[in-house]
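Each chain carries a letter (A, B, C and D) given by its place in the written order, and its residues are counted from 1.
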Amino acid sequence: MRAPDMRVPDMRVPDMIGLGIDAVLALAIVWLALQTVRSRDLFKAMLMFVVFGLLMSLAWARLHAPDLALAEAAIGAGITGALLLVTWRRLQADGHEPADSEHPPLPLWLRLPTAGGASMLVASIGWVALELPATPGTAGELAWQRIDDIGVSNPVTAVLLGFRAYDTLLEMAVVLAAWLGARAVAIELRPGALPGPAYAEVPLVGALLSLVVPISILVAVYLLQAGGNAPGGAFQGGAVLAAGGVLLCLTGRLEAAAQTSGLERVLLVLGLVVFSLAGLLVMASGGAMLALPGLWAIYLVETALLLSIAITLVLLFAAAPGLRRAS
Amino acid sequence: MNPQEVIASLLLLSGCLFFIAGTIGLLRFPDVFSRLHALTKADNLGLFLICAGPAMRREPLCSAGLLLIVWMLGLLAATVSCHLIARRAVRSGQMEPRASEPPACVPRTCVPRTCASRTCASRT
Amino acid sequence: MNDALNPSALIYLLTAAAVFGIGLHGLLQSRQILRQLLTINLMGSGIFLLLITLGGGSDGPPDPVPQAMVLTGIVIAVSATGFALALLLRWHELSDSTELDAVADADAVQDAHDE
Amino acid sequence: MTSEALIGLIFLPLLGACAAVLPGRLPTRLGIVAGLLPLPGLLVAVTLSVWQQGPAFLELGGWAAPLGIRLFVDPLAVLMLWMVAIIGGLAAAHAWFDFRPGSPAGQKFWPLWLLLTSAMNALFLSADWFNLYVCLELITLTAIPLIALADSKKAVRAAMRYLLLALLASLLYLLGVALLYNATGTLDLYQMADVLAAAPSAVVVTALALMTLGLLLKGAVFPLHAWLPQAHASAPGPVSTVLSALVVKSAIYLLYRLWLWGAADAVATELALMLLAMLGAAALLYGGVLALLQERLKLVIAYSTVAQLGYLLLILPMASATAWQAGTYQLLSHGLAKAAMFLAAANILHALRSDRLSDLERLDQRQPLSLFALAIAGVSIMGLPPSGGFLAKWLLLEAAWRSGHWWLLAVIVAGSLLAAAYVFRILAAALRRGDPTQAQPVADTQAIPRVQTACALLLALLALAAGFAAAPILAFIDTGLPSAWSGP
């Protein structure tokens, strides 16, 4: 049984309009990548990168990967773009503009062949791989056949939280490690280093916040519950919730705190702890490790993951030990 | 092509036209304020038309409602960011040329090196 | 996929290869740590695009395993970028430069007769 | 019983790290104790079961191979897990004094350290290529902040360079995994071994080459080693210990899994193994020469790591049981000896506030025990009898002789001579009397907690004891030979 709304057009019938869209999208993506690399001004390069991320999410949609389109838009373009821009602002805080120095590490006559050779290698190997008959019995086909045992109809969520739940658990450990690493190397925050107090008193921003932040929470919860049978899930939901948090930081509603509060610490490790304990409890009660028993267990774990992802991304953006309501 | 399809494609086409108009405005207008003017006006209307297009073709009302929400959010984001950019432009001294004082040079004919007025400086 | 190679998969394959090559070229060209992080993210996107194009080619429903791998990859990429930016701020505060090797020559001299 | 022990090995440090993040001193201490102390106990159970019933699989979530992820434990994995438990444990004891659990430095250090331990255990147990990618990323993202904790400009620069190269290496590795999945349809390491021969050779060869390139960069093998010396030398004491003894070896361990288990009979295996051996030989000689030229003690030891990794790659073309014993024994003895050397160097740096060779005169009077530990570990690095290092090099020479690779004999001997040179150079600098006129008072050195010296000494003695206790370990290793290496 496949999810009803996962309509799957047969990719082999090349309808011309679809081809046209793909061609234009591909050209735009390559041009943006080129601009990100070639533009002298770093700020422009970062903006090009954000737009590149948005077009990449369109490419995922065209490649029938709606979950990835959501993730790329929310995480790839959204949060990564916000992190880059806020770091750019902090680098400028003491005046000088980081500009590319003239002498690149490798001369052009060496760079071009290596890069050209690498992309030719990837293109040719990809071509050979595409030419070949699809290998029978791949993990993907097995996933489609056994999808009912997980009780979730969205195949990607079934793989992420059912068949390969261990990967997702370690991935949450990576997210926690990123925050721990950022804290370990963090610079002592100069007061007011958090960007955005200038926007605090603009009336329009207040109206924006009162509308957008509740919507971001609503969308995050929708994505979380939709993860079962439609594109969505904890990671995309977490990123959207983090976007709401980033907005609050930018507009001065949230301030940098000197210490990470107890609640923030619990939220940070919540995803990992709930996932591990759920897996261990199942093993203790006789089942296989990490075989989440039912739909309720999957949603419980997904909620914990969502909270952990959101708090980690917001704290990474704020580059502060913790956050508290602005006095 | 039943009438619904025709109307939908017409809406989509006109939406694209408005976007093109907005982009041309962005490229050709001399200073921040006129560009903002072009962008927010043309693109918002374009977005509405593009959202209205598929809404016509979809049978169930809820997807039309969703597209409406998309447009509302687009509108909200566009207006607030335009306000903030304009506010910052005013604060950082790019005053708009007063109607009373004739602009030092007509933007299209003005060659950047020779004309020192602020509007040309901001354009190059 | 065994009969005619379908063109849209081909388009995305060439895009993936091009983005990977451009990313690598940018990485070898720039000294700015910020731009190097951008190029590494570009190369990552190129690889993810290749992974999905190769995986999605099967004539049945799209293969969920590469999609799960790419989703995990995107989350890992944003975590690594978040940490790298924090490390960059630390490096900028210590050495007042946003490049790794710009001060190398000065530092090498300083290394020689260190404390 | 073993499945609970395997899960405990990974999840205890993981939950310990989560506990260490929580506020207050008690959770951190609880996390450290619960995360690190039970590891040897669990490992005894695992070792016994692997010895009796042989290698075992554990399917996570109850899903079979191509769909789910499997853990695999065999003598090689058990050996590496024992090294993580012993070296990690003693380095943690050493770090207990520099990074007190309650202090702000401790709050930053311990969660990362426990996550690193859990990530290494997960990597040595995992049997799924994409899961190994996630483990490699977790190791990278925990090891690099630990380096940057040293708070000096050199440490942060070394950490940033290591991060950029590690991200690049992970991308190459991921590209290889993507191609392998497309060619074989499965991600499982051992299941892929038999499917690989049938898969299209062009895609497989490229995938294996990309993964090898990524792992060589992560393992700092000769041409791609630029990031290692500065990173290991400027990291805090216990961190550089774990980096040199374990983190760098995880990449070499994955090379073993890739070429001896995963792609044992792939089309280009012989050529690739010979190329890797040549790289190993080059690393051995280059690292040895560079170690001779360094001015600082920790840099000499770091370049010695680059050199000693070469030994691990030399065994690849020999394809015999003796070669496998030599390789695994070199893994064990080098890990113990290098850990002892780095801990001793950390003690010396802490006591004399400088580790420049020129400042080390009359070290036997100022830091006798640390120098003693350094000397014993040097004995094992050089390969003098009766140390574990000697046994490893002896088996290596024997395997090279039997398999007829004459040029390897010369390289091994040259490597040992170079190792002897740079170890004696250190000892000579340390035993120098210095001019008696301005006799430096012995008291000016800072006192070091006795436990820290004891850790370095214990590791050095273990490296020495590895020479005596070889028979049971070698017998245990023999039960898990790579499939193609059954010869004498």
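In the analysis below, a residue touches a chain if its C-beta (ideal position, glycine included) is under 8 Å from a C-beta of that chain, and two chains touch if they have at least 3 such contacts.
All values derive from a computational prediction rather than experimental measurement.
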| item | value |
| --- | --- |
| Best-connected chain pair, where connection means C-beta pairs in contact | A-C |
| Chain centroid nearest the full-protein CA centroid | C |
| Rounded Å distance between chain B and chain C, as computed from the means of their C-alpha atoms | 34 |
| Distance from the mean Cα position of chain D to that of chain C, given in whole angstrom | 27 |
| Distance from the mean Cα position of chain D to that of chain B, given in whole angstrom | 59 |
| Distance from the mean Cα position of chain C to that of chain A, given in whole angstrom | 14 |
| Chain D residues counted as touching two or more neighbouring chains | 130, 134, 137, 141, 144-145, 148, 156, 159, 175, 179, 181-182, 187 |
| Chain C, residues touching no fewer than two other chains | 20, 37, 50, 54-55, 65-66, 72, 76, 79-80, 83, 87-88, 90 |
| Pairs of chains found to touch, sorted by chain label | A-B, A-C, A-D, C-D |
| Residues of chain C touching chain A in the complex | 1-26, 28-32, 34-35, 37-39, 41-42, 45-46, 48-50, 52-68, 70-72, 74-83, 85-90, 92-93, 98-99, 101-102 |
| Touch list for chain C against partner chain D, complex | 20, 27, 33, 36-37, 40, 43-44, 47, 50-51, 54-55, 65-66, 69, 72-73, 76, 79-80, 83-84, 87-88, 90-91, 94-95, 100, 107, 111, 114-115 |
| Chain A residues touching chain D - in the complex, by the definition given at the top | 121-122, 125, 128-129, 132, 135-139, 142-143, 146, 162-167, 170-171, 173-174, 176-178, 180-185, 260, 262, 265-266, 268-269, 272-273, 276, 279-280, 283, 287-291 |
| List of chain B residues in touch with chain A within their complex | 73, 76, 79-80, 83-84, 87 |
| In the complex, chain A residues that touch chain B | 199, 202, 204-205, 207-208, 211-212, 215 |
